[in-house]
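The same chain A turns up in both complexes below, where it pairs with chain B and then with chain C.
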Partner chain A sequence: MQKQRYLLLMDETGESASHDLRNELAASSLPVEVHPVTLESLHRSELTALLFRQWIGTYLYLLVSWPLLEPLRQLAEDAGFSEQEMECHGLGPHTRQVFCSACQKMNQTEDETVISCHFCGEELSVSEHYSKRLQAFLGYTSIR
Partner chain B sequence: MSDQLSRFPYPFNSDTYRYSNNSVLLDPPIAIEVTPEYLEEMTLKRSLLANHPNRCYQSLPHTIPAQWEIASLVLHHLHETYPEDFSLTKEGNSWTFSNHKLNETQQFVFGDVSTLPWEPLDFVGRHVQEDLILMGQRDGDLFLDAGQLCFPANWSLEFNLGMNFVEIHSPIPGFANGNLDEKIRNFIMKLEVGQPWVRRNWSLNAGKRLDASLETFHQWGQMRKQVTAENAGETVYLRVEVQKLFRLPRSHAVLFTIHSYLITLHELAQNRAYLEQLYHVLVELPAFIAEYKGMKLYKQQVIQYLEYELQKERG
Partner chain C sequence: MQPKIHVFVKQIIQETPSVKRFVLVSKEGADLPAFSAGSHVTTFLNTAAGTLERHYSLVQAPAITDHYEIAVQLHAQSQGGSAYWHHQVSEGTELFISYPKNHFSLSFRAKHHVFYAAGIGITPFLSMMAELVAQGRSFELHYAAKSREMCAFYETLQKTYRDSCHLYLSADPDSSRMRPDGMRQQRIGTHVYFCGPETMVNQFQEAARSYGYPQQSIHFELFAPPAPMLREPFLVELWQSKRTISVGSDQSLLAALLAAGIKSPYSCRVGRCGTCAVEVLSGEVAHYDSVLSEKERAAQDVMMTCVSRAVHNKLVLSL
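And then the complex of A and B:
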């Protein structure tokens, strides 16, 4: 896709983090639109309408805190943005999901590399093996 | 040579082993092999499916048409290859399949899921020793869209469902070197109707365990600590997967079948050439492959056992 304009969606944390990016985009000759988002605005029709009325050629940047990133990315995908038409940046503290290979339940973690499964108690080493469908990293059991 | 050893799909053709695309054209082009272990393995498969349905069967909703193609292929292959054990009669879309080995008959309307007790892939998988995987092909990629998997070699169907080919194989150390992962994916994407391929993959298993599922690794993996040079002949098995690839003509999806075979090292060692070659392969095997194939803890014990057997034969 030939980029023809940029659309930036950001929350408060994205304001300061996007400083360099905004300078960079401003220096390009393409139009740039910036819109603030919050957890509340996520469910308002204005945001949905904004995404749905974009033309082919709009390149989307999401710069938001981690809890907001996935629902926003999902909304953009529903509006027809493909992986190649957007860039997602999660900001601030990050919780990630770890799928327990022993009991198949989902653990919420931060950046630990070894956890005890909250459900079955098995020790899990958190791998880089990631499922987009489950939005989770695989936690492997061990035989120690 | 024993019957089991003469039937065993021995995997090596050289004294060294590396990851490669070792596929060859499948001749005859039959997806299914029924072995003397059929009844034993079907009993195990059915009990795993009953007790662990999510572990053993997964499918995405758009796969039903491709599943019917697989059902048709498998039932025809069973009937045509083993007519005394399996029969298939058709009157229009009304099909009757009989499995004489299990004394079961199923009537159904081909294309109508409501006439089968399970989804079509889940149904035919209950009549064959093979695990059956359905890979969808779209957007220049292959996706794990459905599967019945009772005898995995330490991976999780539930976790991997929906992933593309490269994502599925990302945990294999060194597999992406030289873009081997993409090359193999591209090879499979060019698969043609009526030209199925076959390859053999191998690993070692501590203990006799076809259902080496990732979900129960913390249990069966413990056996790895029990292996000694003295007991390796009986406790360690060479595990070989015969993997076949078929293009499905209507959905353009790919059927990937996996038939898993186990044989003790003691049994395998009855063939002097096999014994010698396995010894050389293991001695030379790089650590990253040994680790991924799960034999790091007991590779030395196995090598010692094989050395001992070789010396015995030299007298």
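And then the complex of A and C:
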């Protein structure tokens, strides 16, 4: 796509990691907007409003720690950003929350696709289904 | 052979001096197949010169299936299709039509839909708008016609879609022109749709790309297949059938294959559906379809026979 402007959302980890990118964008002659995000700001309407008021031609960069990436990507998608209009970078240790469908508890995992639940011991396969309400990936018990 | 539906013309409505709307009802008295917004049917017209196949968008709301409605504009240089509809067809005429097909469907993910229609290009948008209203989704229509009298569906648009409809009348000095720049200030997630003559569609496509619309958010339908730039006759060697056939300058490769009795599936015949794809073993293809991606084009191993041709004098196909 023919980019018209850049929007960069980043958290603390993203700030140092995005140094080169920001220099590159600044040199591009297109307008660049940078906004900080935190886990808390995810639930504030300002962030939602910011994404929803963007125009066609905006190219979005997300540079945030892993736990923030998926909810933020979902929000951007809800606003109308497609895969061709954004780039997502997860930073730091890759942990994600996996919700156990057997005992309904939250597990912290890295990027395994199969885990045994830390609470009930059930074997869970980690799906690509991300629940916005739970802010976690759904872990399904395997059918035996 | 594709299955056909036997219908008769129940009613004819003169929409404008050059556009007639035809109401088609099943000969068996049954409901017609359900269709999605943006669909068209192929009509098979038995003329003295043989069977003419013509495609027309269904213009009613997709929820309605007890009849189909199409709108036909009489073209000055009609090759028979529109002249036949206007001069030979009367209420009660029986004919065969195809099942509805859709090469111009609404995007599910779009947050806002913007339609640009020129002249009779309004037709596919009528079912789309009805569908979007039913779903409570947001859209706007930009529609250019010569004058108020020549503006097909003027009443319906004014009555049903007043707030989402922008008209541009080219013969009216007080009316503004339909321009692409309105696409610039649209929210993220907007999809644009164009229907009209090739020059208009190309102009709007190019503009949309330059404003930053990703390719997936740009949709279009042409009235006629794009005129290929290269129209030299060429030869095709059919590798499996061990035959060589020649394609004339006034003929598509698909037509030449069919004429030679080679079984060649096809549907849209305007390079939009991908049904007629064949494997290319050697030779350079001039692609004129809108199915293949840039990468697939460059690979030069598949082509749409209904529109694409040889760059040089020969192609080898796996057929």
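Convention: the second predicted complex is superposed on the first by the 96 of 144 C-alpha atoms of A that agree within 3 Å, B and C clash if a C-alpha of one lies under 4 Å from a C-alpha of the other, contacts with A are read in each partner's own complex, and residues count from 1 in each chain.
Following the convention adopted for this analysis, a contact is a pair of C-beta atoms (placed from the backbone, for glycine too) under 8 Å apart; a residue touches a chain by one contact, two chains touch by 3 or more.
Remember, predicted model here, so these are calculated numbers, not experimental data.
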Partner chain in contact with A:102 - chain B first, chain C second, else both or neither: first
Which of chain B and chain C A:52 touches, first, second, both or neither: second
Which superposed partner A:70 touches (first chain B, second chain C, both, neither): neither
First (chain B), second (chain C), both or neither touched by A:12: neither
Which of chain B and chain C A:2 touches, first, second, both or neither: second
Partner chain(s) touched by A:84 [first = chain B, second = chain C, both, neither]: second
Partner chain in contact with A:130 - chain B first, chain C second, else both or neither: first
Sites on chain A touched by chain B in the complex: 99, 101-102, 104, 122, 127-134, 138, 140-143
For the chain C and chain A complex, residues of the former touching the latter: 109-112, 183-190, 209-217
Chain A - residues contacting chain C, complex: 1-4, 51-59, 79-82, 84-85
Interfacial residue positions of chain B with respect to chain A in the complex: 54-55, 156, 158-163, 167, 170-171, 214-218, 221-222, 224-225
